[in-house]
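You will see subunit A twice below: alongside subunit B first, and alongside subunit C after that.
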Partner chain A sequence: MSLALTLHTVPTVPLEAEVLSPARLAGLSAPEAAKLTVVYGNQRADLGDFFKVGKGADGELHLTGDLARVKRVGMGMAEGRIVVHGSAGMHLGTGMTGGEIVVEGDAGDWVGSEMTGGRITVKGNAGHMVGSATRGSAVGVRGGEILIFGNVGNEAGSGMRRGLIAIGGDSGDFAGVNMLAGTIVVLGRLGWRTGAGMARGSIISMHPAELLPTFAYACTYSPLFLRLCLLHLGRLGLPVARSQVEGRYQRWCGDAVELNRGEVLLLDSAPGA
Partner chain B sequence: MIVRGVLIEDTFAEAFTMRVARLIITGRTPRWAREAALKLTGFATSVIGCKCEAGIERELAERDTPDGRPGVSVLLLTMDKESLPQRLIERVGQTVLTCPTTACFDGLPQAPDRLPVGKALRAFGDGFQASKVVGERRYWRLPVMEGEFLVEETFGMQKGVGGGNFLILAEDADAALEAAEAAVATIADQPGVILPFPGGVVRSGSKVGSKRYKRMIATTNDAYSPTLRAVTESQLPDGVNSVLEIVLDGVDGPAIESAMRVGIDAACRPGVKAITAGNYGGKLGPHHFHLRRIMNGGPATA
Partner chain C sequence: MSDNLKVVENATCTFCGCVCDDMNLTVDVDEHRITKAENACILGKAWFREHGIEQRPFALIDGHEATTEAGVEEAAQILARARFPMIYGLSDTTCEAQRVAVGLADMLGGTIDTTTSVCHGPSGIAFQGVGESTASLGELKNRADMIVFWGGNPAEAHPRLFSRYAVTPKGMYIPNGRKDRTIVLVDVRRTASTPAADIFVQVKPRSDFEVLWALRALVKGRKVDPSIERRTGVSLAVLEDLVARMKRCNYGAFLFGMGLTMNRGRHFNSAALLALATDLNQFTHWVAKPVRGHGNVTGADNVVSWQTGFPFGVNFSRGYPRFNPGEFTTVDVLARGDADAALIIASDPASNFPKPAIEHLKRIPVIVLDPKATLTSRLARVAFTTATYGINVTGTVYRMDDVALTLRPAFPSPYPSDEQVLTAIRDRVRVLLGGNRLPAGAAPIAPAVAAAS
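Take a look at the complex of A and B:
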């Protein structure tokens, strides 16, 4: 599978295009791919009505244009690689189990919701509910990695059970709400009510934060797992500073209204500071 | 074959297939990583009495360790795959877990056979432990008085080779020791190999079984003991008054072979009469390291 799709008609209402996935496009010629069905508002349409489909060369799926209203790109994908040269719409990589999605621009809400494996990288900002459970579901991300280089909206990692969400900028409110396990790293600032209702898991920030009264201070130390985690994120291109890798972190335990086995780690000081 | 006046005997070292794990121990400083590694590899000279053989493979720079801290690479071997996990759990639990600032990582991540070391040690956390997955590898965080101990959930196991060896036959004890020290220093730079005995040197090479005691599985190698030259079937050439042995364990045959080559070469120095090797007639161990083939640079194993 090696295709390059360029958006020639920007949709004015959401275009649901879960066909934009390596498995759905595997073995199809460009004309065959252009005939795949998408849902435009409440109407059925052909993929070719919006995209010019051409051959790719590197075994990857390349999407070019402002896809901010193109939803469900890479939904449920299990392998392969998608590169979006532009922005992506809502539900990017929802439920994916493997493979990789790279978005050069911004992404909408629900990036990687309930994914179980693979990696999503967004070089710009993302909307609300990054890596979260869908409404009515108790469990969110069960594995894989989501990297957002910019800022994210509210409820990142809602109901997260496993995996890693890393945010290069700031997070909105309720990061890690109802979190069951897993790791959320925010290099910027946390919003309000971080970790509300979390049972287990780790939320890390490099800035002070006002936490809920149901979180209790434990100690200030240098968690070794965080070194591994931050070095890993640095290798993936996030701007992790040496002082953050070597630094000491305040450990806050919570949420006491739940199991109280979760933690929020806040950078306290760099060595020698 | 003569190397700088030292006879390389036409014989071979006979070695065995073992199971090996590689552990990466890191610490806040090289000292603390080494302290843990020394304890972990202590009393692990021979499976005959120690249940395992272990040694420091090499010291690691910060760039070569998973957590970016100074580290030490350790190899630990057992004769069978069933006992290796237990030895690791015992030794990591008693020597690395207890050592300030250290963490313990798997050094064979590609090995398909996985041993649940961290998975077993996590129970020390008494329910307060937590696991983390970073880049497809799972770790356990155990709360301890100092802070946290971090250990990888599983460690890789692969087939290794144990019992590579060569004997340094010298005019006197000083010459034997100097040659052995030179060999050990050279082998220290070789990857994939450990020397499990004290300082890398064995003075008490053994033979299988006993001539006198039925319960003994190994007894002194009387054929190479100078003090017994007159009362046993000695294998010692004239003029030899002291023998030291270098025993090598490794991740595979080529690693042993390469280390034997540089070690033997370093041991060929004044006062050394000959280099030979221990074997059991080729009937016990599947790995045969022929000394002359090794020193000629060709494939040594047969």
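Take a look at the complex of A and C:
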């Protein structure tokens, strides 16, 4: 059984609520769930101090309200589904290993950092460090999927090892920085210095971009994996055009200061392509 | 001027990160001012001249004069009530005061951050990610035959860096001083430092990362496209010449400033330079040091690191230190409106922070410790007047190369030191809270255990 929670008191300082996870709430009655501990600034509080706990009908965890200052929703979750009807704060789904999170609004920084499995979908924009490594850690996302329909900030997919990050809008600077492997698709424009220090991995964009001097043009082709990848993203609701699925892509190799086995694929806009 | 003069030898100037410790100060004891500062640079002379004893109230509470004790009580009440108190500043005070501030943050379950987060904070992140090949300034003086200044203007910001350590002095293995050194300056414009350089490399604004990345590629023997000149304003030939010289020197040093850390790319700019120094160690010895601004900002990094494990942007909400720049750094915390109280020590964020952060400072109770009236002290609920470190207060400071120095004060001040005020606040907060706040993430103490103790 799962629960529906509605924010009745907007926190004025950050609220850390990793208890907002299907496994932590499973099997609890509404009064029991309301007694769960959250960290409100430097003090403990009850979940019920901020959320009205109702009953869920469809086996999902539904959170309603402006959760922009509520951090760590779905952190480390392994199964189940969370739907946020509103915005989510920092560290959404950090370290999650399975299950699904859907955010109808925007999400803060560090969405899905160091996740290893599952899927996060954000219908609005997300902040910096989407699917990144935490500071001091060399490896970011090791698996799973992150879909952001809007724009993202800097350092999306930093240190990524495996998995898929797809961005419907534009990305900030340093997308895929220090990437070890995995795939980042940006349907909008890339920021500066994409793929700096990447060892392996693929970064795809549908717009021209100026790359670092350590990236070298290889060829223009239609990679088969990308067709499959884009069709998959289209099925998940991202606005993938037919011309993108069937398009030809410039392949740029890099980063030469590292292993040089990574690639940035840019949709070739040349006529007749 | 009175006849009651004394001379303080080998005093330390705490104006900038050079922390020159060879000042000979002539002090007018009756008038409480320094009349002559021998060996000081133009900035040091102004520092010593401007810090006499001003007639200011010991404390202001809501703009009304108050005693230090009343200010301590009000400040402690504010901090004990706060759920997300922010402690910030600390770069212009002694390590002893910084230590108390960290303890206070721990006790409150608050967040502590220093001015590092708005100057070389990106370098702090880069050190964690890339590592640092480092040296003391004395080592540079005695050994370095190639010095690259990147994104700084030491001639105006750190005048004695050139003459004491990095350009002109003769050293053990640099017998001819300036003649034995190759000086390179990389900047976006010509400055007063430019004439000191043998080679001036003018990069287009916000293209430092590309230049550093191209240098890294050349050092590793990779090809770089000549189009680099269009992007960065620096030709491939210049870069190749630079790399050849870098590989050829006996001992090289990068000294980098905020021109690198505070332009687009931030910690990746610092990281690129640190990585370049690491790459060059395949060929010869290279080190990289940030050139630090405030007198004891290096001490702030050291003290916060020593006590929490992290250099800045540390949060204690859950009872243990957490480091996350962007989440716990002051500008971000204030701009998002997360903090509900602020304790500002020896810093003036209201004069240089982004507008949303200043607007939030105006909404929350602010406590300020400063020897002078500042924009921040004017918006503060509680403003303490404190004595100036290095002039009235002894203590420990760290030079920009992490060398600890002891201060020799010139004359006493009627005002308390930052350390004394912070200690009084901490002791009062301890009484109000009944000890450290119970870690927010910890399990409650079982009644039987509590009773037994």
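Quick note on the criterion: the second predicted complex is superposed on the first by the 268 of 273 C-alpha atoms of A that agree within 3 Å, B and C clash if a C-alpha of one lies under 4 Å from a C-alpha of the other, contacts with A are read in each partner's own complex, and residues count from 1 in each chain.
As a convention for this text, a contact is a pair of C-beta atoms (placed from the backbone, for glycine too) under 8 Å apart; a residue touches a chain by one contact, two chains touch by 3 or more.
The structure presented is a predicted model; accordingly, all values stated were derived computationally and were not measured.
In the model built by aligning both structures on subunit A, subunit B fits alongside subunit C without clashing.
Contacts of A:221 after superposition on the shared chain: subunit B is touched, whereas subunit C is not. Using the contact criterion defined above for the overlaid structures, shared-chain residue A:94 touches neither subunit B nor subunit C, since it reaches no partner. By the touch criterion defined above, A:213 lies against subunit C but remains apart from subunit B after alignment on the C-alpha atoms of chain A. Contact with subunit B, but none with subunit C, is seen for A:231 once the two complexes are overlaid on the shared chain. When the two complexes are superposed, the chain touching more residues of subunit A, out of subunit B and subunit C, is C. Residue contacts after overlaying the shared chain place A:193 against subunit C, while subunit B stays out of touching range.
In the superposition on chain A, A:171 contacts neither subunit B nor subunit C. When both complexes are overlaid on chain A, the residue A:244 reaches neither subunit B nor subunit C.
Nearest C-alpha atoms belonging to subunit B and subunit C sit 19 Å apart in the superposition, given in whole angstrom.
Common to the subunit B and subunit C contact sets on subunit A is no residue at all.
Against subunit A, in their complex, subunit C makes its touches with residues 82-85, 108-110, 125, 128-129, 209-210, 213-214, 216-217, 220, 222-225, 227-228, 231, 264-265, 268, 275, 316-318, 323-327, 336, 338-340, 437, 440-441.
Looking at the complex, you find that subunit B touches subunit A at residues 66-69, 103, 128, 130, 132-135, 139, 141, 147-148, 150. The part of subunit A that touches subunit B in the complex is made up of residues 143, 162-164, 183, 200, 202, 219, 221-225, 227-229, 231-232, 245, 261. Here subunit A touches subunit C in the complex through residues 12-14, 16, 39-44, 69, 90, 109-110, 128-129, 134-136, 173-174, 177, 192-193, 196, 210, 212-214, 216, 256-257, going by the rule given at the top.
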